[in-house]
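In what comes next, chain A is part of two complexes: it sits with chain B in the first one and with chain C in the second one.
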Partner chain A sequence: MKELLKLCGFTDKEPETELARIEKVFKRLGITDEDIETGKQRLHKYYDIDLQGLRKVFRLIIKELVNAILAKEDGREKLIYGFMCPGIDLLGSAFMTKSDKVFSIHHSWAFHIVIGCIFGKIVPVLEDAEKTWLKAGAVAHCANVKTIAGPLSMGLFPNPDMLVTSAYTCETSSKTLDILHELYDIPVWYIDHFKDRAITEYPGPSDRVAKLTAESIKRFVEKVQSITGFEIEDDLLIQVKETKRKLEKAITEMRKIVINSDPLLISSSHENIWGCLLSLTSTIDGIEEATDAINMLCNELKEKAARGEGDVEKGAPRVLAICPAGQTDPRLEYLLCEVGIAVVGIDFTMGEKSKKHSDDPYLEMALGSQQVSLELPPYGRIPLIINACKKLKVNGVLDRYHVGCRAVVADALLIEEAVKKELGIPVMVMEWENFDPRSYNHQQFKNRLEIFREMMIENTGNKS
Partner chain B sequence: MSAIFFAGIDLGSTMTKAVIINSDEEICSAVIHHTGAEHRQLANEAMEEALAECDLDIDNITFIVATGYGRITVPFADTQVTELTCHARGVSALFPDAKLVIDIGGQDAKGMQINNGRLIDFVMSDKCAAGTGRFFEIMANTLDIDIDELGNFSLKAENKVSVNSTCTVFARQEVISRLSEGESVEDVLAGIHDAIAVRTVRMLHKLKVEPDVIFTGGVAENKGVVQALENRLGCRIFVPENPMLTGALGAAVIAKEKALKALAKGEHIQKEKRQLDKASFFRKGTS
Partner chain C sequence: MRYFIGIDIGSEFSKGVITGEGEILTQIVIPSGINYKTAALKLRDELLKSAGISEEDIACTATTGHGEKLIPFSSRHISTALCCAKGIRHVFPEVRTVLDIQGQSSQVIKLSEKGRISDHSVNDICASGSGYFLTVVSNILQIDINDVGPLSLKSSNPVTFTTGCAVFGESEAISRVAEGTPKEDILAGVNNALASRLASLVNDVGMEMPCAVCGGGGLNAGLIKSLAGLGIEADVPPNPQLINAIGAACFAEEYSITADNK
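Let's turn to the complex of A and B:
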């Protein structure tokens, strides 16, 4: 156990009470000694765990999970879980900075990393969700919603006092929370938010959508204020936003180092880890700690680049991947490196920053939330992807579509067609489930990726 | 300059193929064996046989490329290339105007869009082996007919019977059921062949069907499938004289390209002395 925690950035100086809390939570999650061994092996195999900055990031993620699971025992009186909900990470940080009686979390992200990526034990959680209502294999039943439902049905997380989601970004999230309300009598709050904009409004955000979303977020905050009795001032939101901005900037800086590297400095399996960090709803102090860890990582990556080291062979074909890296399973990203494909970018992290800004923190949150790939319909998403390909100078696009997601799945063939037509580079369309390790088919994926790699090399050779 | 030779070996899931060509890309020898569990040994045997056929020694081969699912385990290969890239090259060597290749092998089916021997796009069957050579083996067994005769029987059909194409097990049940309903073997077989064609055309949906369309792999030897595919695609399909060899031939052609490129740069291309050893997958002392 101590060895595993050391790999995850915990030191000998850690208070005994903190270690006892982790042990308690691992026991509750059913983590055995065998799992600990597996965890160590997976950390070594799938992550660049020698990087001290990365270890610190894992530490923050584990701490977030522990704090979430022990929230009630720690005396938190109100628990708010957010899911597919614009602004919840920022709002959660504000709530927790304001009061130690509230715990607000995007509760599944840290869970994905710890239970899925480190211990490889997410499947029993999915199966538990499938036992009662979310059928296995059914296309519309994205495993992400199962990772929300499963931990509650298994009693791994305390039931929250409120669940909050967006009613339009992902329809299955709101439906799943409806079910959780029916089953566990948990109140659910919906933030109004939608993807549709007039075509002329692209590539920028839509004022119309932003206004609706901002008003809706504000109503949610008023509700939280009425439940908790404290006030969330605009100044606090601005302060949290500013602190988060520093973290975002550090991550952007780190991504730049990775994008420009050859050999690729670090596998795309790490993308989830940074993504998780952005979604953590720590207090302002916690966000600053995360920023320090990423800054440390930046320096380590620069040193690694100076030594000429990387996770993929030098000169490997550069690829933009569609949809995020496996959220609960790093094996596909590892396979990509093994085959010799350098994933230098992911469309979900390539959105252009909004040029529109507002002094109203709610409007600012709403404007920012529109610029990510997930929030864009095809005619917004495709230009984003084409631009990203040009910017990254990629040799191909790995068009993996998250089969259970109605928000993105229909775009796959349109993306393929557009990239081939406009850029003339190979595109490999691949079906997978972003949150379900059972969808990983090693030989099938390997066969296809090896051919894809050869096509990119040949295509590049022919052009040069 | 003395004659130089290149070899390609294709370790498929069902058959192992070896081809030796000369610098004019003429086939000097070609052998086909069933792939077994000990495919590393089999690769040696196939290569030894191919070498003997044209009276060459392994050291006479300038460069060897291995392809197919077992390509990594070929102990004497100089490099490995995926089977789709090899198929594209092999087909182009035989049919320079080829645009679409359909390859149905023992355990999978593939579609390849090619241009001047270059792979542009591809599709592959996934999830199960329905619609592949294995499917025909099971049908031949069910009907107690030699697998090589399935196609000929299907061409004698008078009223094609509709058969499920999505699953080998269901299709087998359906065949038994149709026969017990009084349908003739020929009509049922025509339905089976059409089912394969429907499944293959569905797999090809995202590729452009344009001539020349070439059909390779062991299943291409079945005339019933060729006709069913022509009917469904609405165009003529060309089948190489030996449709199982295109992958190995492509590997040999790539071997030639790689070797000549390296020689032109003055690079040494054979790093280690090749050995046709008797390596086994079993531990020493077991068999």
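Let's turn to the complex of A and C:
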């Protein structure tokens, strides 16, 4: 296990107690010696694990998972889990900075990466959720909700004292938490947030929506304050936001380095790692540690660029991917590299940041949550994608839409039509499940991606 | 002389060719069975035996189709679309649209003047547009799959299938048998339904002439007639089911030359 932990940035200077905690958690998660070997192989195969900055990022993610699983044993009296909920990462960090009696985690990002991406063991968790109540093959239940239900039904995570969600992105999130309430008697809090903006309000955020969301987030914080007895001051929220902004800035800087690279410096299989980092609910110290790791990574990537190294062959067609990298399985992103396709951007990370800001931290959270691709209906999302294609100068668009998601399924063909019409570049529409490795069909995906690459080369040749 | 092997492991049949100096020296088709590795090994042995050469005479082997990870002697595994494009250009250099009708899926490939894929449409998660639909119905009618084409051409009153789905189509075929509909009319109806599904794939990419049909579906003269009835006038190469294997052999030769140059 020490070798695996070394790959994940843990050093010999690590306190024995920390290593014992990890061992305890791995045991609870059913990680065997064989799994450890698999984990090492997968880290080497799918990630640029020689980069020390990346190792430090993995360290933070493993620590977050360990802290979450041992929260009760660590003396945390109140556990709050957020799921598809605006502002929860920021609020969670504020709660944890304020009190060591509270633990708050945003969804199961760290769980996805450790159990899914590193150990390749997410399927039993999905199966357990399906066995309990989310039946396999039911499209209405995307595997994302299974990854929050499965760990609870298997007893991997302690049951929280409160679940918080919003139906803004997808009503399945609130329905799932309803069921968890029925099954485990866990109180659920809903944050009001809605999409029905007037067309004229796009692409900017809506003040009406922001106001309602901000008030709702505030009511949630008041509830937490009444349960825990501590107060969350606006100044603390602003301080956490500022700290997170530095991390966001570092990640944006890193993405810029990657976008402008040829050969592509680092594969898109790392994208969900950055997403996880942004969603960590660490204390302010933890966020600062994450920022340092990304800054180190930026320097390493610059050195890698200077050496002319990359994860995809030089001159490979550049692609904007629609929908995120596999959350629990890096194989598709790896295949993209193997086939010779450079994913230089993902629409979910390309949202124009809101020009509207507010001194009120609650309004600031609400405004920020309206601008990302996932949160937009087609007439907001398509222009964002077209602009991203132009900005990134891509040769094609890969829409690997998440089949169980209402928010992205409906507009896949509209996106294809719009991109082809406006930009004249190939679009490959591919159905898959973003959280379920069972949907990975190597032969079918490889076939399509090779064709896609060929089409992009042909199209680029015609234009030049 | 340097020889090259191209192998296409299909869901129903495995196809292989040996080429040398751009010519096809030998070609073999065997059933795939349930073990693709066994099929690939058997096919290679039979090809070598038929050509009268040994393993050492082969400069490069490329494979396509199923079982990428299972074929131990393959230098490169290439997607069926790329092999199809390469193979059809080898036999019909002018072709711009090709319909590749396979056992489990079908694809339509649009080719540029240079022979590169400029657009593509595939039907790989639905049996209605693939040869499997014919297999299902031929089993119900208890006739050999090779007799489907000739028999369907004798139809004077093709039935109209109300569904494009192979599963419902199977039920519909059973109903027709129960009604006493002649086999040739049922088969012609299936060919029309299949052609209709393929036509929608062609529409996705936009047809450019000349057009060709390859894959096992190319052996079904009734299907070719049904496609023509929908305005898809397609040429069929000799041994259409071997096109992807020929494409794989062409790739094997290219890789061998590239490796030599390095």
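Heads up, the rule we're going with is that the second predicted complex is superposed on the first by the 463 of 464 C-alpha atoms of A that agree within 3 Å, B and C clash if a C-alpha of one lies under 4 Å from a C-alpha of the other, contacts with A are read in each partner's own complex, and residues count from 1 in each chain.
Heads up, the rule we're going with is that a residue touches a chain if its C-beta (ideal position, glycine included) is under 8 Å from a C-beta of that chain, and two chains touch if they have at least 3 such contacts.
For clarity, every value in this text was computed on a predicted model and none was experimentally measured.
When the two complexes are overlaid on chain A, chain B and chain C occupy overlapping space and clash. In the superposed model, A:Gln444 makes contact with both chain B and chain C. In the superposition on chain A, A:Met455 contacts both chain B and chain C.
Of the two partner chains, chain B is the only one that A:Leu413 touches; chain C does not reach it. When both complexes are aligned on chain A by C-alpha atoms, chain A residues 426, 444, 447-448, 450-451, 454-455, 458-459, 462 touch chain B in the first and chain C in the second. The part of chain A that touches chain C in the complex is made up of residues 426, 431, 442-444, 446-448, 450-451, 454-455, 457-459, 461-462.
For chain A in complex with chain B, the touching residues are 413, 416, 426, 429, 441, 444, 447-448, 450-451, 454-455, 458-459, 462. On chain B, the positions that touch chain A within their shared complex are 69, 81-82, 84-85, 118-122, 124, 126, 206. Against chain A, in their complex, chain C makes its touches with residues 66, 68-69, 78-82, 85, 109, 112, 114, 116-120, 122, 124-125.
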